[in-house]
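Two complexes are shown next, each including chain A; its partner changes from chain B in the first to chain C in the second.
Right, the complex of A and B next:
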């Protein structure tokens, strides 16, 4: 008799467990879980470097009575207007060599305002403007680093005053050109 | 036998009478169609182009208001102009006014150079943002609006090693959504 009771009690416990399990399953059914795979991407590139191969050099000249302008093209052609008389010696456009990610396009931002050259002795000044890019680079100011390198030449125009405005001497200044990956 | 047949006929008449006296009543039937809970389109997380520098550094994709932004661990890390930079965007569809929770990897995710699997980078600190740039606390359920749709963005921090080899790196990770 007691064995039978023990069996019956065991049966009740078993039933209770089943009911609880059903409740848990029902509760779990209220939650639906989904996963999605996201992708992360990054490209590591060589640092873009630029070195100045040649400084922009307008060479030697004489302003004469009225002065005028000296223009150096990216191809290295120099000419003048006004009363400016060009002399011999070295002159050349600015030249830069770029190094970076092979075949990456690089944009170039030339000076957007006038750059001033100063005579360190007299303090007299001249202005440089109309910056232009050569070397087969498009007018949009973009160059492609073929095999990770490119050379680019930059020309500009120098405004020359009268001999009293710009007495004999050396004039120098600096400017900023920004190169950046597109 | 005759008595039994009589009762059968009587019951049949009663039934007919009952049908004849029944009144018409309009019964409204209701059903609600709800949106299927699912994850929709997912866009890539894109760190764009990063310089390989002698000393390693990290970059973080985060949000500046509603704008995706990339910041670097040190101020002197140069910025590469790149329009592809973006956080991942996850679209959610579910029952209007219901809620869901978001699960992201706790362990670091590995990005591998697709041209050389020996080169890797680690993605950590994955963060979830709403579309206006607020950080979402993933410990709290997030509500789906009356449109039955929601979306959020996923950012994180990528660490580059010293002189990290150049290349395109890619890695995947799971985002888990639990609809409640």
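Right, the complex of A and C next:
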């Protein structure tokens, strides 16, 4: 009986060693490998588009003997100086509609040199300068495309010569305005 | 996150010697346990500093790409316009800690897809890592993952995201 007990006791000792070893495995574990997750992020934005809603139009006028200037502000106010006499009819600042990424800032680059208007019949010319954007921004400004769009009104000053310099007729020319995302 | 926990090398051998002969009515059994513990390095841990961001991109009528060099963070592009306003373009960055001078191996996908809600098609992102092969003497290193994002012709606008897992191992 006692022999049997001794065998059983010895067996318990062996079992205890194994159990301790298992505990050591689980509590003293080190990490030879580690992982983490990351995210790749990119924002594709709408292509910026601009279209001319209204051409810049100084309207009808008479230079009289000395000529002068006609100024159209971005908010559509027209005035003159010198001997230029303003007449009725349609006049307006240039107007552009912008479409693009909502809330994106867009920079505007106005003509930085004089633009020439030419009478296609006589070849006589007038000059346009002092381009201005609404809100007091001049030459280069920035607007935000609230809800993805914006209207830009642009004014300028027309230099008018004498009646012999600028006889009756229609004068026209083109210019470039650059809109770009910041 | 899936971890292989016991990086400890513990071998147990149990030698059971049964001396089954009976001497004067006694039965003896001897048990020997031998434990061999292999030297181990400190736990290897990787944590993320930041995700990879390609910033705001204007596609064109021609397919293009944006590439962030993971070693230099230099950004290059073709056939797309990169907006500068509020643009943050940087590689994903991860801190790694473990045993000093331990060599490392990395596992991450070569390519994943970036998608935007309700938008098709997706964009393909090819991942590349910086030139890192081991931990320094302090047992630390920085892993950076950059790569190339392919932007389709007239890629639809949207906020594109995609996830990937990075695993680091002792070599």
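Throughout what follows, the second predicted complex is superposed on the first by the 134 of 182 C-alpha atoms of A that agree within 3 Å, B and C clash if a C-alpha of one lies under 4 Å from a C-alpha of the other, contacts with A are read in each partner's own complex, and residues count from 1 in each chain.
Here is the rule we use: a residue touches a chain if its C-beta (ideal position, glycine included) is under 8 Å from a C-beta of that chain, and two chains touch if they have at least 3 such contacts.
None of these values were measured; they are calculated from a predicted model.
**Q** Identify which of chain B and chain C touches the larger number of residues of chain A.
**A** The larger set of chain A residues in touch belongs to C.
**Q** Report for A:35: first if it touches chain B alone, second if chain C alone, otherwise both or neither.
**A** In the superposed model, A:35 contacts both chain B and chain C.
**Q** Touching A:65 in the superposition: chain B (first), chain C (second), both, neither?
**A** neither
**Q** A:105 in the overlay: touching chain B, chain C, both, or neither? Say first, second, both or neither.
**A** In the superposition, A:105 touches chain C alone.
**Q** Look at A:43 in the shared chain and tell me whether it touches chain B only, chain C only, both, or neither; answer first, second, both or neither.
**A** Both partners.
**Q** For chain A, which residues lie in the overlap of the chain B contacts and the chain C contacts?
**A** In chain A, positions 30-48, 101, 181-182 sit in both the chain B and chain C interfaces.
**Q** Over in the complex, which chain A residues touch chain C? Could you list them?
**A** My answer: residues 3-4, 6-7, 10-11, 13-14, 17-18, 21, 24-26, 28-48, 101, 104-105, 181-182.
**Q** List the residues on chain A that touch chain B in their complex, please.
**A** Counting only chain A, the residues touching chain B are 30-48, 101, 107, 180-182.
**Q** Write out the stretch or stretches of chain C touching chain A in their complex.
**A** Going by the criterion above, the answer is residues 1-8, 10, 12, 14, 16, 25-31, 33, 35, 40-48, 51-60, 66, 81, 83-85, 92, 94, 96, 112, 114, 116, 123, 125, 145, 149, 151, 154-170.
**Q** Using the touch rule from the top, collect the residues of chain B that touch chain A in their complex.
**A** 37-39, 42, 44-53, 78, 80-82, 88, 90, 109, 111, 121, 123, 154, 156, 158, 160, 164-180
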